[in-house]
Every structure is written in C-alpha cells, then in structure tokens.
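Naming follows writing order (A, B, C and D), and every chain is counted from residue 1.
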Amino acid sequence: MTITETECETTCIDVHSQLIYEVANAAEFQLQIAVRPLSQQSIESESVKIYHNDQQIDDSQWSEVAIPATENRCYRFRAEPGQWRIDYDAAVTKISQLQAGSHCLSPITSLPAEALPFLNPSRYCESDRFLQLAENQFGGLKRDDSLVEALENMVFNRTSYTMGSSNAQTTATDTYLSTEGVCRDFAHLLIVLCRALRIPARYTSGYLVELQPPDFHAAVEVFIGDHWQIYDATRLASLGGFVPIAIGLDAADVAFASFSGKVNMLNCTISAVARTSA
Amino acid sequence: MTITETECETTCIDVHSQLIYEVANAAEFQLQIAVRPLSQQSIESESVKIYHNDQQIDDSQWSEVAIPATENRCYRFRAEPGQWRIDYDAAVTKISQLQAGSHCLSPITSLPAEALPFLNPSRYCESDRFLQLAENQFGGLKRDDSLVEALENMVFNRTSYTMGSSNAQTTATDTYLSTEGVCRDFAHLLIVLCRALRIPARYTSGYLVELQPPDFHAAVEVFIGDHWQIYDATRLASLGGFVPIAIGLDAADVAFASFSGKVNMLNCTISAVARTSA
Amino acid sequence: MTITETECETTCIDVHSQLIYEVANAAEFQLQIAVRPLSQQSIESESVKIYHNDQQIDDSQWSEVAIPATENRCYRFRAEPGQWRIDYDAAVTKISQLQAGSHCLSPITSLPAEALPFLNPSRYCESDRFLQLAENQFGGLKRDDSLVEALENMVFNRTSYTMGSSNAQTTATDTYLSTEGVCRDFAHLLIVLCRALRIPARYTSGYLVELQPPDFHAAVEVFIGDHWQIYDATRLASLGGFVPIAIGLDAADVAFASFSGKVNMLNCTISAVARTSA
Amino acid sequence: MTITETECETTCIDVHSQLIYEVANAAEFQLQIAVRPLSQQSIESESVKIYHNDQQIDDSQWSEVAIPATENRCYRFRAEPGQWRIDYDAAVTKISQLQAGSHCLSPITSLPAEALPFLNPSRYCESDRFLQLAENQFGGLKRDDSLVEALENMVFNRTSYTMGSSNAQTTATDTYLSTEGVCRDFAHLLIVLCRALRIPARYTSGYLVELQPPDFHAAVEVFIGDHWQIYDATRLASLGGFVPIAIGLDAADVAFASFSGKVNMLNCTISAVARTSA
C-alpha cells in the first residue's frame, strides 16, 4: 500500500510516548523515540522529560546525539538503580506533496551513493538468500513502481498479522516460512524482496495514527526514481498518519530502546492523534 | 594482534589488482577495490583501467562514487556481453603514528555518534545471539584494550585458518561452531564478540603485504578511546602492511565486486609490495 | 548427574497427568503420556480416561499403538469439536539395580545395531555442526563414563535454567549460544555433544518426582558399555524419581501431544509422587 | 513422478560400487552400500570385498549388521592407516507389481505404528517450520495420491538441479529458499512438504539405472493407502531402475560412508545396469 496523496495537503499530528523501566544495576540508556526531522515533516513543538524515581532529572544529565549517516536522533543517559520514566511529546505538521517525477527503478549504476548501502543484506533481511527465488518469481516484470507494488501485495497476501508470533531474533527467512508476523516482520520481508531484486529498501520506525492497539510501528522506504517512497505491507492504517522516527538497514538499527545492564520494562504507552486543523 | 608502531614511521606500498570476468548478458558492475583515502594513508598515484574484449573503455563509460557514511569508493559501469578486465594500481604512503591517548573503552553514552551503528548486529555478525555468552566469559574483565586483546586471542586460539571451509553465507555463529574459517570469518567472529560486549567494531577489507597466497584480506577496526584500532585475529602477516579499501558492518558492505546479471569470474590477481624507501 | 543407585532398591511412584483441550474443528490426537514398559519399571496399575464435553468416551473410540523401534506407547483418537479432557494415572514400581559391567564407551564397530541411529544428527540436535568443537575440547579425554560426566558438567555449568527462554523450534545450536534453556534444551545440548564424539545418545521424556513446578521432564540416555545410562544436566531432582514415558532422537519424537487441526490447550496438570513403601 | 508399472514385470539389474579411501590414523568405517532386502527386490548374488593396501582382508575382519527399525544393512570395520578399497557387487531382480488397493492418505489415527516416526521433523527436514505454508498452499486439496503428486510437481518446478549447489549441512529450508540442489535436496524438500501435511515420508538411498553422471541416488517413499510409494522429484531417470539401499528420516540416516578419524576419499565409482532378460 503506497501513500495516496493529494496535492500539498497538511496534517497536524500529536505524538506521545511514555516508557517506564526498573533498573537493577546502573545502566546506560539509548532511546530512539524522537521524531525525525524531514522536509515533509516539520516539528512544531517537542518535549522530552526524564524522571528518576518520579523526580525529573536535569537536562545536563542526558544528551541528544544524531547519527551522521541516518540523522536518527538518539537520547542517551546513564541510569542509576531505581525507576525511570521517559515522557516524549511532539506536535508535527506533515506536508504531503504529490510525488511527481519518474516512477522507474534506477539501474545500480545510476543510484545515488546514499542509496547503495540499502542494497546489502542485513541482520534480519538476508537478501543474499532470496536472489534466485525473487528472480524466478519477479525477474520478468517491468522495473518500475508496479514491481514494488507486486512485492508488497505478495507480502500482504501470504503473511498473517499475528501478535506474539515472532521475537527479536526473527528474520525475513523465518517470516517467509512461518507466513505470520507483526509489523517488523512484514517490513523485513518486503525489504528482503526489494534488495534481492536490486532495489534499495530501508526500515523506518514511527508513530502511526489510528494504529490499534497503539504501539510503535514499522514501515519500509523504497528508492524509486529519485526519492524514498514509503510502503506498509501490514495495511493496518493509512500511511498519511505515519510520523517517522528512525531509519536503518532493519530493526537492528532503530530499536526504540537499548541498554547495557539489567533493565526491566514496566510500561510503554504510545499515541498518535491527528488534529482537526484550525 | 595489534599494530605495533614506532613513532611516525613511513612505509611505501604498491598495490595491484586485476579482475577478469566473462559477461553473458548485459550486467552492471560495482567494484570496491580502490584504496581508502585516510589521514594515515596518502595515495601517491593511482590508476584504474577497464577493458572490454581487450580494448580499454573510455573514462566516460564508468564512474566513481563515494558512499557518504563510510567514504568507501566504488567504481560502477554497465558491461555489455564479452570479457571484461579491470586493472587497478596504486602507490600508497602509510604513516604510522604512535597512538597516544586513552586506551579505555568508552561507555555507550560517551561514544561519538559515528561509532553507534557499529554496535548493532549485522548480516554475518549476529551479536544479539552472543550477549549472554560474551558476558559470561568476558563480562568481569577490565574494559580497556586488554579486553579486546583477550577477544582477539580467543578467536585466534579456537579457530583454524582453513581455505574453502566457509562460503559467502557463513556467519559468525557458523564460525563459532565450526571452529574454522578464512580471514572474513575471523573478522566476523571478533566483531560479534566486541559488539556483544558493547564495543563498536567494524569490518575493513584491504590489501596486505606478504599475505600468502596473495588475495584481498579482511581485518577489524575496534573503537578504543577515541580512535579506531585495527586487529587481525588471523595473524597471517604484519598489519603494518595493511592498506584499507573499504569499511562496513561486515563482509556484506565491502564486497570487492557485485553484479546484476550472469557474470563469471575468470581470474583474480592481487599483490601488495612494500618498497624499500629511497 | 548420573543415577546413584544402591543395590536393588525399590521405589513406588504414582504418576498422573490431566490434559484439557478446546477443539474448534474435528481434530486427530496423538498422546505420548503413558509410562514406558521397562524391565526396571513395572506398571502395577494404569488408567486412562478420555472425556468429550465432560462425558467419558467409550474405549472403542480410542486406541493404543506402540511404535516398533522405540516401544513408545501412543493413544490416538479423533476428536469432534468441544472440550476434551484426558486423565492418565499409573502406579509404577521402579527397581534400581547397581549397574555392573563395563563403563567404557564402545568403538562404533562394537555398538549393537539398535544404538546406531542414535549417533546421527536430528532435528534439534545438529551434531554434525559440533564435530570439530567437541573434538577440540574433549577429544583428548579417556573414552569411558568420565567423558560423559565431563560433558554433563559442561552443559550444567554453561547453561542457566530459565523458564520461557526457548520455544518449540529451539535447537542445541541455539542453546549453546544463548546459554539458557529448559529441560528440553539441556537434554538436546548433552545429546549433541555425545553424538559429536560418536557416543550414542537419545532423548527420554518422563514424569519426575519432586520437580518444581510439576511438569513433564526430559532427560538423556547415553549408551555406555552395554546399557543405556540416564543423565540429566538440569540437576533439578534426583533421577531415582524419574519415570520414563517415551524415547526418541530428540523432542521431535516424544511430543506428549500432537494434533491435526486447530486445538487449544486449556490446562495441563502433572504430578509424580513417591509412596513410602508399606 | 511415480513409478508407472505394468503388471508383474521383472527387471534384472547389476549394481556396483567401488570406494577408495586414504586413512591417516586408525579409523572406524561404517558403510551403507548394500542393497536392501525387500519383497519386490530379490538379491540373486552379492559380493563385498575389502582391500587394505591392495590386499583383500579376511572376512573375519569386517562384519555386517542390520539396524532393527529399518533393516538397513551396514558393513563395519576398523581401518589401520593406508589405502582402503571396497568393492560391492550385486545382481538384483526387481518384481514390479501393479499397486492395487486404496490411494487415499490415511488419517493419523489409522496409520500403522511403523509409519508414525516418519511424520516427525528431522535434521534436514524441518517440517515443523513448514506447517502453515503447506496448509495455506495445499490444505484445501483432496487427501489422496493426487496431493502427493501436486507436492512432487511443486518441488520439481521450483528447484533447479545444480551440481555443487548444496553441501552436507543444507536443509530443506535452505533448498526452499535457494531453489536449487541435488537429488538429496529434492528429496528433503518433498519430505518436508509431506510431513507438514501429516503424510508419512521417508528418505531412501539407492542405485539408479541410467543416472548421468553415475552416482548414488536419493528418492522419497510416501505412505499412501497401505504401502510406501516411491517418488523422485528430480525426474532424472525412470524409477523402474531404482534399487534401494537404505531408508531413514533423511540423509543423516543413510550416509553411504561414515567414519571416525581422518579419512580422505580418493575415488568413488558407481554403476547400475539393467540386463536384457534371457
């Protein structure tokens, strides 16, 4: 399912996440929950508050860092034992513009350099194992966005969305066999098929309006013509309401939280609401 | 084995690679064979010549592109059917400087942003599967460069260098079980252990003086203190003679050649020779 | 941990299992819950009752079959939709005899034919992947029961017993890496090491007195000298209280319940109690 | 492809295998090269000769053992260092009879006990990973031999026979993804699909008339109605010329040669020739 866009439509979306953890021994936190700054996505306001045992910590005690290759924003801090709560809020204006220009898939020799790493296999997207299979099934098709739609259709049709059917180590191979998964697995399977056919594809995490139950979501960006086009083979909600957080090769790069030390998640509350414009 | 360096020593190394392919149907080539530009490695002269059926093609028919995140240089061209030959030559001056500064391993919250992606698991380095194992065996050690040396020792001691014992899909897990591999596999296993212990580690391909038989080589760069330190658990030759080509998460990112289409390698000749200085 | 046996001691053990299922569409059931008839284990009394929607079905509606190679007993029936309950009870007298005879491991050419299949790799015990690793670590040891004890020690020492840490597809390779598992995984890892060293080893399910929480248990039988000796690397309870149900290559062969159709387990209650003798 | 049989036709086939090994340190050999005694396959004459450094060893120095569950015949001997040669010859009369009786697939509750183990997943046939995929694609078909033909068709159509495309650790999952393999891999893939659909299926090695290049071959026996029916998804030659050696869960059970110790195969010559009847 691709975004169907009307010319230059504007949507205002409020996103919120609250994460609560129990830390046994001192631990280091990295959080990728902040909205990604994009030309089509302007951050009107944003707030992050971090609490240790219900007391807000000083801004000097945590930092924000942006990863150069992806511009993913990452909050980092050292957490002493106790309960930790992170509250993130942002108001985002999405500007959807009709994607003009070519819908052809570029030959490898014409791809921009920044797209090349997204042709390679990655931890959960072993595209080197799908080369012949993808070629057999899709190699004869015209190389434009209809090919990507055919891949998205296949993933949607052969995969059941089943909560709890996969875990953190599940790869695209596993999903291809089990024929079930969650958003992460649908994304990995679509990515693997794209890359096996020499189409750059990357993983994007985000907030999604109207997702039920509310949670972080995952989708796929495919390089078509001269831009990254977003796809979501789960078809759970309109991508007009998708607010990207972080991009990467696959789920390994965009974990919303990673730690050293023994950390136990107590709660995770996510929301994304579209405001009716003033 | 780390580089043992004396203060500011200079070495001149001539590297050469010749690749010959048979192309059945029109194919697209990407080659990562050019020496990486680095502060410690100055490229004195460089030449790349590409031949189609023994006739050199015009420079307008191929291009060079540098991948932003890594600065890996990549030659690209479209190859019509026939025999293709690529000749690459470079004269490099390596400046080895005594690495001063800290030898401690940074906590995650102090790592520079560019190092963060190299903490994540990747296609051939499934570090998420090694977390507990690495913690059990090495979690109690002091977190400085002696920890990385302990890991390098372990990889060297438990792995036999055996030509033909692995293939393009072999992962660090496979190597950990089989206890044998080639340079690629030694590198993956060392990387997996570093990342499992929250130490950034990346894969680097390169030319290596005195490697027998001559071939492309692979080593590991580990982020220690404030710089990337090179390690080679194969211990096949002195790293003073290593001339880096490309870096990446693992072998998936630095393939010396990748193609679309049916391409058959006919020959591959590599050499790296240290010149006695004038 | 091997059974420590005194001469010809007799233990009476009452075992019980109750399984309750919800069947949506007509399904076929196979249950391996009945105690295995053995020379050292005499079944004093036994009862199996099967209920469909709380009404006991007639004995003509289910059957018992014994698998020739293993003598595993299997209850089979076709289940119409509704709730199904199976109650199994048995009173067993175990006769523990001091194992006399050789404690040497037989060379392959002297093994009895019935032991040979248990040298081969199986679904969850990929011993062909552990050959070199086992040889490196244990190849120099004397080939008698002290070698098996060394393997059992290794499995016990490097593996944490962690509920929920594995699933039905977890293999010995997974357990070797994750260093955690449940009884099934401890058994698979011990089996894999035995077979990699050319020692026949098989999986046995059973009831176990004093297991907390009560559940079906899994252990390993290793062919030593001229008999199958039982080992349990979990060391959760004395093997004097182990009442074997079924043997096989690994967990794939001894599932306590397998089905066609959509079947949902509602409850599973197990007990094994040693009677103080009269 | 099933055997197409005319009523009670008789074929005489001469089979031969010669294996030559270099043994560095004393090793133990197990060979499964002898024709399997079957009602439809009478062994008219048979000879096995074993040579150490070109000198035939005495019959007392090797033995034959039959594995109870499968009746596979196995030659065993201890081999001192040096060159070893094994010559096996047999003349076999195959009696092909029209398979009368049911062609329906039995429900699990009606299967004979001996067929039950061949419903379980095994080392190279991870049928537990294919349950949903097989159900989605074939679950709606009539459960008779036309279902098995549909499976055989699928394996034949999606898999390329490619020498050297797999190795000893390749599983059915690997073959399903790579879409290529040799006879072993075609057999594993057909077995996996049968078992995933609750149809007993086993692996059989054998000699095959007209196989090019001559080699040991692998096929599949599927339990249909009341007998094991043979299938070969490679379709390389008529199964009328197939002379079974050994059966098992998969290739792990029927290796034509297994060893302890360092053994190097120098040569392997196989032939199977149909005699024009007198």
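Simple rule for what comes next: a contact is a pair of C-beta atoms (placed from the backbone, for glycine too) under 8 Å apart; a residue touches a chain by one contact, two chains touch by 3 or more.
All values reported here derive from a predicted model rather than from experimental measurement.
Following the contact convention of this document, B, D is the list of chains adjacent to both chain A and chain C. When chain centres are set by their Cα atoms, the one at the greatest distance from chain D is A.
Each of C-D and B-C has its own count of C-beta contacts, and the greater count is at C-D. As a whole-number value, the distance joining the C-alpha centres of chain B and chain C reads 48 Å. In whole angstrom, the spacing between the mean C-alpha positions of chain C and chain D is 29. In chain A, the residues that reach two or more other chains under the touch definition are 129. Inter-chain contacts, as defined above, occur between A-B, A-D, B-C, C-D. Partner chain C is touched in their complex by these residues of chain B: 129-130, 132-133, 136, 158, 160, 173, 176-180. Residues of chain B touching chain A in their complex: 28-30, 63, 65-70, 74, 76-78, 107-109, 113-114, 116-117, 120-123, 125-126, 128-129, 168-169, 198, 248-249, 252-253, 260.
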